[in-house]
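Okay, so chain A shows up in both of these, paired with chain B first and chain C after.
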Partner chain A sequence: MRVSVLQENLARGLSIVSRAVSPRSTLPVLANVLVATDEGRLRLSATNLELGITCWIGAKIQDEGSTTVPARTFSDLVATLPGGNQVEMSLTVRTQTLNVRCGASNTDLKCIDAQEFPPMPVSDVSQGLELNVMDFKEMIQQVVFAASTDDARPILTGVLVTVKGDTITLAAADGFRLSVRKARLSSPVARPLSAVIPARALSELARIASDGDKTLTMITPPGRAQVIFRVGDVELVSQLIDGMFPDYEQIIPRRCDTRAVLSTSAFLKACKQAEIFAREGSHIAKLNIQPGGELKPGVVEITGQSEETGSNQNIVDANIEGPGLLIAFNVRFLREVLDVIRTPNVALETTANNLPGVIRPVESQDDQSEFLHVIMPMHLGS
Partner chain B sequence: MSIHILPAEVASQIAAGEVVERPASVVKELVENSLDAGASSITISIEGAGQRLVEVIDDGCGIPAEELALAVERHATSKLSQAADLFNIQTLGFRGEALASIGSVSNLTLVSRTAHSQVGAKLRMEGGQLLNLQPAGAPPGTTVRVEALFYNVPARLKFLKSEATERRLIDNLVVRYALAYPNVRFQLMQDKRPALQTSGRGERREILVALYGAEAARQMLEVNSIDGEMRISGFISPPSLTRSHRRDIFFYVNRRPVQDGALSAALLKGYHTLLMVGRYPLGAIFIEMPPDAVDVNVHPTKAEVRFRQPEQVFAALQSAVRRALLAHSPAPGLNISLHWGSGEQRPSSFTGHFDPSWPSMEKFPPQEASVEAQDANPPISASPPARASSQPGLPDQRVPLLRPVGQIAAAYLAAEGPDGLYLIDQHAAHERVLFERFLAQRSSGIPSQALLQPAAVHLSAAEARLLADQLPTLASLGFQVEPFGPGVFLVRAIPALLANSNPEDALRVLVENFEEDETPLQALQEERIIARVCKRAAVKAGAILSMEEQRALLFDLEACQSPRTCPHGRPTMIHLSVDLLERQFGRKGAR
Partner chain C sequence: MREITKSSTIIARRLPILRVCAKIVGMNWGVIGHEWAVQLLSEQIAQKRLRHAYLITGPRGVGRRTLALRLTQALNCLAPPEPGQPCRACRACLQIERMQYPDLLVVQAEQEGGTLKVDQVREMQRSLSLHPYEGRYRVALLLRFEEAHPSAMNALLKTLEEPASQVVLLLTAESAERLLPTIVSRCETLRLRPLPLEQVSRGLQEEWGAPEDQAHLLAHISGGRPGLALQLHLEPERLQQRQAWLTDLLRLLTFSRKERFDYIEPLTKERSVLRSALNVWLSFWRDILIKTCGAVAPITNLDYQQEIEQLAARLDRSAALGVVSAVENALSLVDQNVNPRLVGEVLTLDLPKI
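Moving on to the complex of A and B:
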């Protein structure tokens, strides 16, 4: 293999794919990046067997070929090569040594034969579902944080993605909270789809997808238990999670007694403060929802308290319909959901201190609310 | 052998107990009878999840008309005659109990004809009363119809789970028998719709699909090994295919489905190092051995067996599994590395927080190098163990500021303190941290976190009784648990401190707790419960901790009142002083 690529392109490609490298694997080749010529471009791939990322970059190819290069060393090296210069790489197949030259720098890297690299599926983009990058990125951000990080229930470490008719829905839950986000597709799909994608893979996708890219293609090859995302020159492949995602529709409360509408930013700030004091172990914060009267506005009083640190209280003005209520929540959960709500106002819907609370963005009339978040309350035992 | 009533001294040696607990038990007994009768085709029809109707039709040997009435008597069997036979059982049935038990709680119709008689006979029984017995035309074989199950025992009825669950139990049961008898054609109808159909052509893998789903069934590896008179065969999953529970592991001994924790343990040992902590394989393992090498007469519903030489069985199983895995898996350990590779998958159960109340370095007393806190059984309490006062050099149990150095064997942390090296048992240390947080919260009320969906926990009758007695105590600890039918409890909320653990596990550990500890004292009981719960919730040995997590755990431990022991009294740390290190390395003469 003999190729030359622009330093910037190589550095960018490596930084994208190296997120899928598994340095601590017992399979040494997984700590490497596959470097291969591919139809006039250079292909970089990394995989940890669960998640794989491939990035194609422009290159001048003199001789075709491929090898796998230790990811860490290679990235560190390339990052320090002079920008604007060509990086010349040539492989000695017999010794699997990659010579890397750039400017005055000359390096020999010990590689592992590309044969040992796990095969990465090749996708047929024409079969995929087209999504708007920015919209999908926002959808991901609004649900992934609610997925579980606990391997004891693998299904909850994933995000349920369903596509039916002209609607795509993302849902994630960790046993205590549920985040659901829907969006309209530009055109309805022929074949409905339902897959549980690891939250980690979606987070990576959101990280990779940059503002410059317009569309993102999602492909679920039949019978392969995999999902492939293609965005620009990057392809991300993830194993799907096997199992039944809980039927979340039945968890969503149908009605509420008390609806408080607050400023999202004021509520978020109050939660951040309370969290400092609610830290010890349980993150419990109390919300005192007090409807207004003739003269005074309604308020929500948010209190965080700790034996050791002290206590903190914040009062946020609110428009409240229905009776008052004292209810407690994990304040970290509140903060995390408020962090992903983009509308200026947010509604907190509650009914009783032992029933779930629902948080929704308050949208303008014509923009129907497509996001909702259910949080189970906490309770102080006697 | 013809059906006869067992002599009392034989009957009394048979493991006694409740035979029919639920519709699935009826199905089990009837299917076993058909299999014992040598049937090559068994058709099972279920209506109303088995409560309205369980009908089993077979083409087996049939029951002679003159023996039909005997078949429904207690202790009447054709499969056993003397006590010695109990040690050489070759049939699934042997107690002569099943039909009698079923007949006493339902309306039972039995129609049977043997191949060499012209007409058959029909028997009708209602709630244990024999109503009539008359000749009847029938194809060779036996048909048993069980209607209105439990109509005369309303208490039982109330204990049944939802129809969907009971139906599923029946489905699972029939699949398991079908797998053991691939040469028998099974047909299962639920409310007139086919739920399972096997070809009877001896193809086990086709039945595996019904058990595990197509994808998993495809991946299953075959096990096949012979060890003396014992043969182990069946299927296990490759290390890449795992579950978070053991419920997909099935064992058969001489084609009888059995439950045996020790067999599971042996199977898991075969996977040694190939599975991540908390992950379990799938498996359907058939153990065949001479009937006299295994005692099947140990459990009232025949669900358990006792091996004459258990160690030999376990060892054979373990090596059979190992061999199958090595033969099929080119890169053992992949599964582990895959999870190790991604650092963010582990729950970070101890989020670090800065605690200004750490003891300063000066406060830390000089100590002798040794394993500290060796007490086997100090009282469980938040105050320093009594040992502290008996050692004048130890005014305070607290530990100094520790700097994490790294993790050893995924179980211990190495840390540097002002006076040398500390080795910390991560599990014991986290147990201590959780325990003290619980105690600290107790004064102001233990916060509990509600679950999105209540978790149902199924317990044995004895466990359920223990739990029911403790519900108020549990409530004060932050568990919101309510009875939900016999042996079933719904967990609605768990202590916030345990939010990272599985609610079902957390509750289960409490029941185990009650069995072992019989302290009447409420307060002590409560602390023991807390200690138990913390043990289950604490980070396990085997979990890789990031540097961040290690640091957080050390911080939290430093803040504890009694950081040097876990709530059960085992040491959390070993201290090797600089002095000791110097002497060991020969830099300083022995004193």
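Moving on to the complex of A and C:
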């Protein structure tokens, strides 16, 4: 292999793929980045067997070939090479040594044969599902925080992605809360799809997909339990989680007695303040929902309390239908969901202090109304 | 992937033994002996009656891990010559042989005699929740599972009960009795026993080109455990070490108390060295016990037959038995964190004076 690439391109490519490197795996080759010539470009790939990232960069290729280079050493080296220069790389196949020259610098890197690298799936973009990058990024951000981080129930560490007709749905739950986001597709799909994708992979995708990119292609190769996302010159492959995602439709309350509509920003601010005190205890914030009378508006009183630091109380004006209610929620959960709601107003739907509450954005025209969040209440205590 | 990589120490260590049994080609998966187990497993694969968990038990070096790796190959081979048979030449088979395959998770205590920790089991469970990366099955290989901490065993119960589809768990252990009964009842147990010495000897000669007398001796020393015999064959320095220890033992019997203490001190610096020496001595005293009883069972240390018979003639059965139990006791104390030097000194006092 003999190639030459611009230092900036190589550094950018390595920084993208190195997120998937697993430095201390049982397989030494996973600490390496695959460097391979691929149809006139240079392909960089890294995988930790759960998440794989591939990036193609422009290169002048003199001889085809491939090898795997220790990721840490390589990216540290490339980062210190002079910018604007061409990096010349040539591989001695017999010894698997990669010679890297740039300006006055001359380096020999010990590599591992590319044969050792786990095969990455080949994607067929024409079979994929086209999505708008900005929209999909927002969808990911609205559900991914609700996924569990506890490995005891691996299925909940994933996000359920279902595509049926012209609707795509993302859902995540951790046993205490559920986040569901739906969106319309530009054209209906022929083949319905349902897959549980690790939340980590989706977070990484949201990070990689830059605002410059317009469309993102999601591909599920038949016969392989993987999903591939292609954005610009980057491809992200994730293993799917094996198992049945719980039927979350059953958790969503069918009706509510009390519906409070609040200003999102005021509610969020009140929750952030309450959290300062509640975080020392069990994250409990009490919400006292008080319907208004003839002359005064309804209010929601949000209280955070701590034995040591004191207590905080905030009153947020609200439009309330139904009877009053005192209910407690995990304030971190409230804050996290309010953080991802973009509409000015939000509806909090509750029935009793031992039944789940529902949070939805208010504004029916916007497709934000396709977002829904369910939170389990906490014990009020005494 | 931070969590997954935490215990990178679970690495293949005993590679030489592995390649061992690899060379023998044929319908027996290249395993020396254990034909019944190979046949059972390959039929289960061919007839798609594969279990989700197997427990392979037997003494060290008998071929437990080799069998488990061959099973993994048979499951994930890219070009099986026929169902249930691995080709042992494709990329998947070669990577499995080296325990470097993406869909093979090897979990074991950091070192022999160490502890397999609950975190290792949890990490493994995380990766088992994903679909296989490239193969047909994701295989978890838990080696020397008797070394697992009770909490690690308990953590595995749930996975053993309902693993994800396309997951096969392979456990190896000295014996099923050393595991929680709840573990054993969730696995199909394959009990590997030491092979006839003749079979081990033949395997060594035919596949590894060992000279006949050498193969015969190694078969005896290994007590019918092909893995152990092969290890001794491939690493002659182990064999020399064994001879040195046996010669020392014979000299030790003539020593005074002070000389005995002087001899044993350097040996007790390293627990693992002491353990190996004690195991060699145990086999020697077992031979003497066999001879004093007048039994026809084959002796282990064939190359010391003369010395063994001489000693057996001078000692009676109860004396031989006494030494055997003293060595056994010392071995168990070494594993229990007793000061090794004390253990060594007490043992030398228990040895008869000739």
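As a convention for this text, the second predicted complex is superposed on the first by the 373 of 382 C-alpha atoms of A that agree within 3 Å, B and C clash if a C-alpha of one lies under 4 Å from a C-alpha of the other, contacts with A are read in each partner's own complex, and residues count from 1 in each chain.
In the analysis below, a contact is a pair of C-beta atoms (placed from the backbone, for glycine too) under 8 Å apart; a residue touches a chain by one contact, two chains touch by 3 or more.
Small disclaimer: the values here were computed from a predicted structure and weren't measured.
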{"item": "Side-by-side fit of chain B and chain C on chain A, or clash", "value": "clash"}
{"item": "First (chain B), second (chain C), both or neither touched by A:226", "value": "second"}
{"item": "Touching partner for A:244 - first (chain B), second (chain C), both, neither", "value": "neither"}
{"item": "Partner chain(s) touched by A:295 [first = chain B, second = chain C, both, neither]", "value": "neither"}
{"item": "Partner chain(s) touched by A:380 [first = chain B, second = chain C, both, neither]", "value": "first"}
{"item": "Partner chain(s) touched by A:175 [first = chain B, second = chain C, both, neither]", "value": "first"}
{"item": "Partner chain in contact with A:356 - chain B first, chain C second, else both or neither", "value": "first"}
{"item": "Partner chain(s) touched by A:154 [first = chain B, second = chain C, both, neither]", "value": "both"}
{"item": "First (chain B), second (chain C), both or neither touched by A:308", "value": "first"}
{"item": "Touched partner set for A:26, first chain B, second chain C, both or neither", "value": "both"}
{"item": "From 19-27, 55-63, 199-207 or 325-333, the chain C stretch with C-alpha clashes against chain B", "value": "55-63"}
{"item": "Touching both chain B and chain C, residues of chain A", "value": "22-27, 48-51, 151, 154, 157, 225, 242"}
{"item": "Interfacial residue positions of chain C with respect to chain A in the complex", "value": "1, 3-6, 8, 10-11, 91, 95, 99-100, 102, 105-106, 122, 125-127, 129-134, 164-167"}
{"item": "Touching residues on chain A, where the partner in the complex is chain B", "value": "22-27, 30, 48-51, 149-154, 157, 173, 175-178, 200, 225, 242, 246, 251, 279-284, 307-308, 328, 330, 354, 356, 374, 376-382"}
{"item": "Contact set on chain A toward chain C in their complex", "value": "20, 22-29, 48-51, 115-116, 118-119, 151, 154-155, 157, 198, 225-226, 239-243"}
{"item": "Contact set on chain B toward chain A in their complex", "value": "215-216, 244, 276, 278-279, 331, 333-334, 336-342, 344-348, 351, 353, 355, 357, 437, 440-441, 444-453, 475-478, 480, 493, 496-497, 499-503"}
